[in-house]
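You will see chain A twice below: alongside chain B first, and alongside chain C after that.
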Partner chain A sequence: MKTLPLPSGLLRTLAGQALAFVIALALGAVIILMIDESPVAVFMTLMRGAFGDAEKIAGTLLQTTPILICGIAACIGLRGGMFNVGIEGQLFLGGFAAAWVGFAFSLPPVLHVLVAMLLAVVAGAAWVAIPAFFRVRFGTNEVVSTILANYIATLLTSYFTIFLFKRPGGWSETPPILESAYLPELFSFSRLNIGLLIGIALAIATALFFRWTAKGYAVTMVGSAPKFAEYGGINVRKVGFGVLLVSGAVGGLAGGVETLGVHHRFMEGFAPGFGFDGVIAALLANGSPIGTIFTALFFGALRAGSLLLEVDTTASREIITVIQALIILAVSADLLMRRRGDRTGERRWKF
Partner chain B sequence: MDLAVDLQGITKRFGAFTANSGIDLAVRRGEIHAIIGENGAGKTTLMNILFGLLQPDEGRIALNGKAMVIDSPAVAIAEGLGMVHQHFKLVPSLTVADNIFLGMEIRRNGLIDRAAQIERTRVLSQKFGLRVDPSERVAGLSVGIEQRIEILKVLARDARTIILDEPTAVLTPQESRDLFATLRSFVDDGMTVIFISHHLEEVMEVSDTVTVLRDGKVVATRPKTSLSKRELVRLMVGRDVSFDRRPRGPVDGKAALEIADLWARDDRRLPMLKSASLTVRSGEILGIAGVAGNGQTELAEVLSGLRPPSHGSVRLHGQEVLGLAPAQIRARGLAHVPGDRMVRGVDRNASLSANMLMGRQDKAPFSHRGILSWATAHAEMRALIKRFDIRARGPKDPARSLSGGNIQKVVLAREFTAGGDVLLIDQPTRGVDIGAQEAIHDEIMRQRDQGRAILLISTQLDELAALADRILVMFDGRIMGEVDGEAMDEEAIGLMMAGVDPATPVDPSTGIDPIGAAAAPAFPRPPASEEVR
Partner chain C sequence: MKLFARLMAAGVVLAASALPSFAAEKVHVAAISGYFAQGFGVSIVNGLNKAKTDFGIDLKLVDTGNRALDYEEQFANLAKSGQYDLIFVMGWELVDALQKVSAQYPNQRFVFIDGVLDSKTMIYANFAEEQGSFIAGALAGMVEDLGPKFDKIGEGKAIGFVGGRDIPVIRNFLGGYEQGAKYAAPDVKVNSVFAGTFDDPAKGSELAMTLYGQGADIVYNVAGPTGEGVMQASATADKYSLGVDIDMCASAPGNVLASMLKRGDVAVYAIIKDEVEGRKVTPGTRTFDLASGGVEVKMCEDVAAKLPAEIKAKLETIHKDVADGKIKIARAK
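So, the complex of A and B:
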C-alpha cells in the first residue's frame, strides 16, 4: 500500500519506533534486575507464554482480538481528527447489549449472532453520540468527555448486571447466552473464535476505505487540515460527528465479539483495559489500521505471556504493565521529537 | 571602514546542492543593509550561517572587526548579534515580559522576579518606542505586536546588530511602516540592521545598501540610491520582468456576480462588512483595493460560504446563493483562491494530487460510485504541473516540499480548472517570487480572456493596476468608491484607502490632514439597527 508519499519518511518512522522499543526493553530489563530476576529468563518466559505452542499462540490471538478491534475504532477517530478515548466504555456497553440479546431472546443460530452484534454496534454508537454531539455543537473537548463517559459506562453495566439481570448464585454476572448466539470457534483446543478474522477484515476494510473512497478522503482531510476541508466544501461538523459515531460503533462491536465469542455472558469487569490498550495500539501504529494489527498482536502477546510469567518466575504480572508503560513513553517521545522536527519554527499550538 | 559584519567567500553545500557559493558580504556599522533575492536564492541559509545555526563549508566570518568561528547562536548573541526569525517563536500562554526574558529570567532568591521583568520590559519598550503591555498574555495579540516582542527579545539580549528575516511578510502596510520607523531609529542610535526581503518596494523604502543574491551567489552590492526598481528586478530574476498594464479588449459580458447591500460580522462579532454592493461581468476583472483588514477577508469568506452573512444578497448568474453551504456555492460556479493559502488553500502534508482532489473527490472522472481513481488524479496533477509550470518532481510530492509561489500555483491550478466561471481570487501573489508573479498574472489574464468573471482582492496596488478593469476601494467594511483601471489615479485610491470619501471635498489650500478632516463626517457612528442585525 502506498499510503505514505515519502518512503524515507516511512523508514524514518519504523527506525525511530524500533529504537524506542529497544530502549523501552532495556529499561524494562533494569527494572527486572531490581527485583532480582534475570531479564533474559523473564523475556524467554514471556516469549514461551505467548508463542510456546499452538495453544499458547491461540491464547495470544485471543487476547489480541479485542485490542485489535478497539484499536481500529481508535484509528477511525484519529484519522478524522477525533480522539475517542471512550472505547473502553463503548466496549462495555456493546458487550452488555450483545449478552442481553444472547440470553433474553431465542432466535435461529446465525440471525441470533447478527442481531446481538447489531445491538452491540448500536449501543457503542449511541454511547459516543452524547460526547460527539457536544463536540460538534459546542466544541467540548472529546478527550475529556469520552474519558468521563467510560466511568459511567462501566458502572452502568455493573448496575444492570447486579441489580437487573443477575444470575442466581455467587458471581456478578448475567445468565449465560444461548448457544445459538455463540461466535464459531476456530480450533477445538481454544476459545479463539472468528472475532479475530472480523478484526483483521475490519482493519483491511478500514485501510482500503481511507485510501480508496471519496468519503475516506473527506474524513482524512477533515482530520489533517480542517480549515482546508471546510473551504473545499466538506461539512466538517457532519464528518466529525459521523467519525465519532462509527468509532463508537466499532468499539461496541469489540464488546459484542468478546461476549459472544469468549465469555458467553456479561460479567463485571469482563474486559479490563482492552479499550485503553486499543487506543494505545492505534497511537503506536500512528493511526494506521494495518499497523494496528501488529501493535495489537504485541500487546496481546504481552498479556498472554504474563500468565506464564507468574507461574514460572517470581516476577509478578504487573511487570508487564511497567514494560508496556515504558514502551508507550519511549514511542511517544519519538513521535514528539519527530513532530518537533516537522514543524520547525511554526506555531501550531495556541492556548 | 568600520564593519559590523564581514563575510568572505562563504560557501555552503547541502549534498549536491550549493545554497551559498563564495559569498562576500560587508555590512557597515550604522546602516540598514537589505539582502534581497527570490525564494531559494540563499538568503536564509546565509543568515543562519551568520547566526551560528549552520556551519559554512568554506569562508571566513568577522564580527566587529574580529575574525571568529560562530559555532552556536550563543556565540553570535555574545558578540551582539540578534535575529528575528520569519516565524515567531513565542509562548502564547506566557506574558509579554515572560517571553522576552525566557531563558534569561531575572531571578531573586532562586525564583523568577516577575516585577523586575515587567519593569525592564517597560523600560526597553519606552527606550526603543516599541509599545507593548508587559503583563499581557501573548495569546490574543496581533502579529504586529508579536513581532515587536520578538525585537524586544533581541534588544533585551543587548544586540547591536539585528537580523530580520522577511519581517514584513505577516504585517499590514501600517505595521510595516511602523517597523521601518523603528529600524531607522535603531540606526540613528548607531545600531546595524540586516534586513532580508524579496519585496522590492520595502527594500527601496528602507535600506541604505542592497545586496542582491541569485542562485546562491552575490549578483551585486550597491547603495540604494544608485538602483532603480526595474534594475533591482533584473538583478534578482536575471531577466526583464514587466509589471506594466496588461493589454486587453473591452468588457462586454453579462453580469455574473451581483452583490447587493451585503453585511457581515468579523470573528469578534463586530460589523466588518457594511452594505457592500458590486457587480462583476463575465470577461471582467474587478479589483478590490484596500489596506488589509478592512473587510476584504470577510467579503471573500461570505461569498464562498465560509462565513455567515448578516444581511444582503449575492447572486451568481442571477441565482441567489447567500447562505448556501460552500459545496453548493462551488457547484453553482464559484471558484475561490483563498488569501490564507497555507491554512485554507492546501493541506501541507498531503500530496499534490490529494490537494488537487479537494472539491472533486466525488466527481467523475476522479471517482466512480464513491471509489477514488488515484491514477486519474495523478495523471491530472501531472498535466496541471506542466500547464501551470509548477516546480515539483511529481504529483506525489507533499505540498510542503514546494516553495510558496509553487504552492500558490497548485491552488490556482485546482481552482481555475474546477469548472467555475466566477473566480474569487484573494491575494494571488502574496509571498510569491517575482518570476512566478508574472506567470500568475499571465494565467489570470488568460482566464479573463476566456470570459470568466474575476473578483480580484489585493493589497498591492501595482498588481491591481496591471490587471484590473475597474478597482473598488474598501475601507472599514465599506466600498469607498470606484476607479477606472485604465486611468488609475493612485492619489485618489490612496485617499480612499485611508478612509476619505471621494464625495467629500477637501480644501487643498488649508493643508490640513485630509484624513482627520474628512473622516469625521464620512463615518457617523453606525445606526443602532446595525448592532442587532
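So, the complex of A and C:
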C-alpha cells in the first residue's frame, strides 16, 4: 500500500475552506427549505445579485470599500498587538469631519478633497488617542475603552448633525457637500469611486511595510512577543501608541471615503456596523492586509447579493442575515483551526 | 385543406394565448420601508394585506434595514425589471436614494407615503395630519381650559407637544395642534419640544415629565417609539396624553384622552383599489383628509365618558367645519 503524499499547507487550507463553504451551504439549504424556497434558486440569486452584471459587480465593490478600509485599520492594530474595536467610532467621526469640510468651506477641487480627507484622518486618530493613551500609560484594556468610545462617537455625531448642522427640512442630515469635494467616480453607472483604489493601495502599502521595513518588523514583534521586542531595544509603549493612532487614522479615512465618495453628506447613523465588519474581515484574514482584500470582497459580495435576494425571493431579511452568519461562521471556524496548527508566535489577544 | 386546417388551429392557439390579457391583469405591488414592524408602518401593512385578500394582488414587502449604502440598490432592484405596477415607499431617510432611482426609471410608479417631494414622476400619498391635529389641539385646549374642576387638570393653562425629529411632517402636526388649541381655547398656550429621535422612549418620558412639570396637563405624542415614553409618563404623572398614528388608548388606560389616527391602511387600500378597478394611478399628490377618513381623532371611552356634553358638542361642530373646509388650517412648510 502506497501512502498518499501529504498535501502542502496551502492545499490543505484551500481544501478546508472549500469544506467549510460546503458545510455552510448545506446548513443554509436546510434553513431555506424550512421557508419553502429552493436552495439552488436562492444561491443563484445571491450570486446574480453579487456578480450578475457590471452594475452588480460595481455594487459589490461599493459594499467592499468601507469594509476593506476598516479591515486595514484593524489589521494594523492586530499586527501591533492592539485590538482596536473602536473603528466604528473613528469611521463616524472621520465621516463627519470630512463632510463638514465638504459643506462648510469652498476650496479648489483637488485641494478640497485632500483637506477633507486629512481632517477625517486627524479626527479618527484623535478619537483613538484617548483610549491609546490610557492603554500605554495605565494598561487599560483597549478593547473595553475603544468599544465604549464607539457609543460616544455615534451619539456625538448625531448631536452635531441634529442640533448644530442639520439642513433645513428633510431628514437628520447635514447640508450636501460641494461638488469640489466629491471623490471621483470610476464608472458612470455606479456610485463606486476611487475609494476602492485607495483601499487596495493602502492594503498593499501596509503589507509591504510589514514585510520589508525594520519599523514594520518592530511592530510585528511588539504584537507577537512584546517581551522579546523590549529586550531588543524597542520602546513597546511608544510603538503601541503609534500603532493605535495609525489604526484610528485609517478608520477615520474610511469614514471620509464614505461621505465624500458615496453619500455626499453626513447622515445620523450613516454607516451602522461597518467598523465591526472590518474587524471581522481582518480577523478572518488573520491580520494579513492582502488577505483582508479578499475577506472584505467576500463580505461585500454577501451584502450586495442579499439585496437582490430580498427582492427576488421570499426569503426575509432575517433569513438572509442568518445565512450570511452561517457562511461567515463556517469559514472562520476553519481559519481558526489552521491558525492553531500553522502559526507560531504568541499574540497578546487570545480568544 | 390541410394547410387551412393548420392555419385555423394556429389561429385558435393564438386566440387562446391572447385571452388572459383580456381578463383583468393581476396588479403587482411592492412596498419598501424600514418601519413595517411599528406604528404607522403596521397600519400600512394591514392595508396592503387587506388589498391582497380583497383584490388578489401580488404583494412584495421589502425591509430596507438601516444601512444608507443599500437603499439605492434596493430601489433599483425593485424598479429594474418593471414587474411592479406600484412601489410604495415610506420613510424620510429614503428620500435621496428614492429620487435618484426614480429619475433613472421615470416610468416606474413610486408611491411615497406621508409627504410630498420635488419629483414630478411620483405619486404622493399625503395625509392632512394638520386637520386631525387641529381637532386634537381643540380637544386638549378645551379640556385644559376646564381647569381643576376636571379630573387631573391643574391651573397651568398649558398643553404640551413632544415631536420626534424636527422634520416637515412633524412640524405640520405641531402647526395644526397649535391652531386647534388657539381656535377652541385662546387662553391655553402650547409648549412644544422635539426629542431629535424616533427611537428613544426614555427620552420621550423625560421630556413629557418636564412638560408636565412646567404646568402642561395634556401632552400630544408625535414621536413614534420615542412617544411610548410619553404615554408611560402620562400614567406615571397621572396626567393626560394624546396618542398618534394608531389607537393608543390601551397604552395608559385612564390617562390617554384620544388618539389622532393616520390611516395608512385607508390610503394604500384606496390607491390599490383604483389601480385594480382600472383607474390607473397617475403621478401627483393625493391627500387623505378628515373628510375621506385618512385622518381621524378617536376618543378613549374611559375618559370620554367624563367629558362635559358641551365640549363633545363643540368638538363635533369643529370636526364638521374642518371636514367641510369652513375652518382653514395653514400647513407647515
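As a working rule, the second predicted complex is superposed on the first by the 306 of 351 C-alpha atoms of A that agree within 3 Å, B and C clash if a C-alpha of one lies under 4 Å from a C-alpha of the other, contacts with A are read in each partner's own complex, and residues count from 1 in each chain.
In this section, a contact is a pair of C-beta atoms (placed from the backbone, for glycine too) under 8 Å apart; a residue touches a chain by one contact, two chains touch by 3 or more.
None of these values were measured; they are calculated from a predicted model.
A.B. asks: Classify the contacts of A:Gly269 with the two partner chains as first (chain B alone), second (chain C alone), both, or neither.
C.D. replies: second
A.B. asks: Check the residue A:Gly233 against both partner chains and state whether it touches chain B (first), chain C (second), both, or neither.
C.D. replies: First partner only.
A.B. asks: A:Ala203 in the overlay: touching chain B, chain C, both, or neither? Say first, second, both or neither.
C.D. replies: After superposition on chain A, A:Ala203 lies in contact with neither partner.
A.B. asks: Per the contact definition in the header, classify A:Ser224: touching chain B only (first), chain C only (second), both, or neither.
C.D. replies: A:Ser224 contacts chain B only, not chain C.
A.B. asks: Taking the superposition as given, does A:Ile69 touch the first partner, chain B, the second, chain C, both, or neither?
C.D. replies: In the superposition, A:Ile69 touches no partner, neither chain B nor chain C.
A.B. asks: Which partner chains sit in contact with A:Ser316 here, chain B, chain C, both or neither? Use first/second/both/neither.
C.D. replies: second
A.B. asks: With the two structures laid over each other on chain A, which partner does A:Ala20 touch: chain B (first), chain C (second), both, or neither?
C.D. replies: Neither partner.
A.B. asks: Do chain B and chain C touch any of the same residues on chain A, and if so, which?
C.D. replies: The answer is that chain A has no such residue.
A.B. asks: Given the complex with chain C, which residues does chain A contribute to the contact?
C.D. replies: Touching chain C from chain A are residues 49, 59, 62-63, 66, 158, 162-163, 166, 169-172, 191, 258, 262-263, 267, 269-273, 303-304, 307-308, 310-312, 316-317.
A.B. asks: Tell me, which parts of chain B touch chain A in their complex?
C.D. replies: Residues of chain B touching chain A: 85-90, 92-93, 139, 304, 306, 325-328, 330, 336, 338, 343-351, 354, 357-359, 361-362, 367, 370-372, 374, 396-398.
A.B. asks: Name, in rising order, each residue of chain C that touches chain A in their complex.
C.D. replies: Residue positions touching the partner: 30, 60, 62-63, 65-70, 72-74, 77-78, 92-93, 95, 165-168, 196-197.
A.B. asks: Contact residues on chain A for chain B in the complex?
C.D. replies: Listed in rising order, the residues of chain A that touch chain B are 5-6, 211-218, 221, 224-225, 227-235, 345-347, 349-351.
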